[in-house]
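Structure incoming, see below.
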Amino acid sequence: MATVTPPAAPEADPRVKAVFDDIRATRGSDFINNVWCYLAFDPGLLESTWAEVKAVMATPSALEPKVKEMLYAAVSIANSCEYCTHSHLTAARAKGMSDAEFTDFLRVVASAGKTNHLLNGLRVPVDAAFLKDKE
Amino acid sequence: MATVTPPAAPEADPRVKAVFDDIRATRGSDFINNVWCYLAFDPGLLESTWAEVKAVMATPSALEPKVKEMLYAAVSIANSCEYCTHSHLTAARAKGMSDAEFTDFLRVVASAGKTNHLLNGLRVPVDAAFLKDKE
Amino acid sequence: MATVTPPAAPEADPRVKAVFDDIRATRGSDFINNVWCYLAFDPGLLESTWAEVKAVMATPSALEPKVKEMLYAAVSIANSCEYCTHSHLTAARAKGMSDAEFTDFLRVVASAGKTNHLLNGLRVPVDAAFLKDKE
Amino acid sequence: MATVTPPAAPEADPRVKAVFDDIRATRGSDFINNVWCYLAFDPGLLESTWAEVKAVMATPSALEPKVKEMLYAAVSIANSCEYCTHSHLTAARAKGMSDAEFTDFLRVVASAGKTNHLLNGLRVPVDAAFLKDKE
Amino acid sequence: MATVTPPAAPEADPRVKAVFDDIRATRGSDFINNVWCYLAFDPGLLESTWAEVKAVMATPSALEPKVKEMLYAAVSIANSCEYCTHSHLTAARAKGMSDAEFTDFLRVVASAGKTNHLLNGLRVPVDAAFLKDKE
Amino acid sequence: MATVTPPAAPEADPRVKAVFDDIRATRGSDFINNVWCYLAFDPGLLESTWAEVKAVMATPSALEPKVKEMLYAAVSIANSCEYCTHSHLTAARAKGMSDAEFTDFLRVVASAGKTNHLLNGLRVPVDAAFLKDKE
């Protein structure tokens, strides 16, 4: 399936082990999902990717964790990224997304997909009232 | 700019006027933004588009209005729909998105764009634990 | 606006003039739209691009010209290509697309955009009955 | 594969059964493809999705059914929606798309993908002659 | 998996055999990958597709072959085309892409995906200094 | 044009001034392009965005700077990000991309766009020989 070979024993590399330990500690779970196992093919890329995901997604910020996972999944759906769609919808559920919220999420994402195509076809000019600068 | 000619006096058509009146009543504002003025070129398409946007975005549902607008904007950014990006970010602000939340939104959307490209390049298999069916 | 400089006098180059002459003869019109004027920055790229567009779009084939222009515009909308959306919707009208057909086109394209997002979110397995091979 | 669990006995729910009955009656076939079986996880979403697909795709309108399925498939290809690509190409064949038309379809869709990338790279300004409004 | 049936004995058709022979000669390998086996369903489409890929990718030009394969893969990742991502990353490796270059490639592609989403959200005006024309 | 208001005097904020100084020093130029002027609306987002772009694009790595800018532009074209297309093509030229290389770049990017659409339509299975893992 993949374009890289995941290491057979990733945690033999201390840099990989340090990231995996931090993933487990941050999430309070022993489960390491595939993206991290495969990214272990390059410890530097694993470190920088995890550092960003942790900073953006696993650190308290203005938006609640559940909403951030839903936004992440919405972008992933629009980009047709199968892995990210699955992993972030799973995370959204784990962080409290209810069945009713998931259905509502699907309605909003689908309607956005619809009007995005309608407006990309109509090419209506943006209202001046929406612009923050006036260049 | 556009691929259609907006009617010079859209509300001369009673079907258009009925939609515009409902937009104003629903939003409590006299401002009719361009998408509706241009969609008035075809009253049937105007009616069905507004009916869907009203049902999905302007009707109480599981998710709060602000979050729905942010999800809508996230999809619009990923699809590079300029009009929808502007209109739904404006709506998100009107429904309470703070400056800090907007920055957080941008961080999440940008990081999703990043890992979507990383995973579409790595083509890592989806973990069985994420699948809801086992087909 | 553009990433290249269009030549001031493109037809001074005989290769460019030959393409422009063929565009005019093929279309029965003196109008040369911007894409060709700008592509004249590289006569080889101009020649190969026109050769393909002429072969695919201006040569009789299984589908009628109007339908081909609508298919072209549908892809361009989904890819958010502003220039191609305008030029191929204009061509579709010139080749007979009625107002009613354009509205129908918009409905289909918008609904496709909607269910594309819904299915990219649901990740439903493809029915075996749809597959032409069974690998 | 999927992000939702399809119900084991979907037609035990009368709302689901009503939709499935209407799908069978509309199509004159007993085959219910996977998207509907999975959407049965939420009867309301199933109803609204089918209502739209039926109104847009299974109701006589300005464009012929075969062309509408081909437009739908073209958008689905551009959005990389695997399920919709399969289901709407299958539908296009069922509604009369010949092998020669399918090859022609692929040529047009592929050429559109090519020039969309070329024009998104060149960023050529849209000809004033193409604009329906002059804002 | 596919939307077409690949011929059981494609080289029984002399037009297909001629293309396959040219693929083998051009690449110096007996391996014919799936895209060509499936495209053999329509010899004309097979011929025109191979002619273009050969002209663009297997003919000496300004950019080195390895870089061209990486550019091809970058576009394929952004378009979520699984087949092209695999085939062109494999080709890039065959033409000399090192492990370090592949990791660097992934970093650049992922960062581009990130700032593409950031800028499509911010809608910052393009600097006049970047424009080649001044229309 | 934009969804944020750029600060009138961005360098009055010492965090912004520090980033701008580093941009000028890194590039050996006084020109600060719009993306940084607008990102100054949030100094934290400005800092993290510049830190990533500097690390990935302005730091010696396996690939040469010119190639990295071309890869960046290729992804931006596929994502229809107008700003990034302009800024990274300008950067590619500044780092040595010749006119002949730019034309070659356009040919490769356009052909990738073409076959991405062809393959997303054909849905050909990936050859086992291309897979690095065998899951």
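Per-chain numbering from 1; labels A, B, C, D, E and F assigned in written order.
In this text, a contact is a pair of C-beta atoms (placed from the backbone, for glycine too) under 8 Å apart; a residue touches a chain by one contact, two chains touch by 3 or more.
Please read these numbers as outputs of a predicted model, since none were measured by experiment.
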item	value
Both-way neighbours, i.e. chains that touch chain C and touch chain B	A, D, E, F
Selected pair, out of E-F, D-E or C-E, that shares over half of its residue contact pairs with B-C	D-E
Rotation angle (°) superposing Cα atoms of chain B on chain F, nearest 5	120
Same-residue or different-residue interface between chain C and chain E, half as cut-off	same
Reference chain C; chain at largest CA-centroid distance	A
Chain centre separation in whole Å, for chain D relative to chain B (CA means)	21
Distance between the centres, which are taken as Cα means, of chain C and chain A, whole angstrom	34
Touching two or more other chains - residue numbers and ranges from chain D	1-4, 38, 75, 77-82, 85-86, 89, 103, 106-107, 109, 111-118, 120-123, 125, 130-131, 133, 135
Sites on chain B touched by chain E in the complex	73, 77-78, 80, 82, 85-86, 89, 105-106, 109-118, 120-123
Complex contacts: residues of chain B adjacent to chain C	3, 42, 44-45, 48, 75, 79-81, 133, 135
For the chain E and chain A complex, residues of the former touching the latter	80, 85-86, 89, 99, 103, 106-107, 117, 125
Interfacial residue positions of chain C with respect to chain E in the complex	1-6, 38, 130-133, 135
For the chain F and chain E complex, residues of the former touching the latter	1-4, 31, 33-35, 38-39, 49, 52-53, 56-57, 61-63, 67-68, 70-72, 74-84, 86-90, 98, 100-101, 103-105, 107-109, 111-127, 129-131
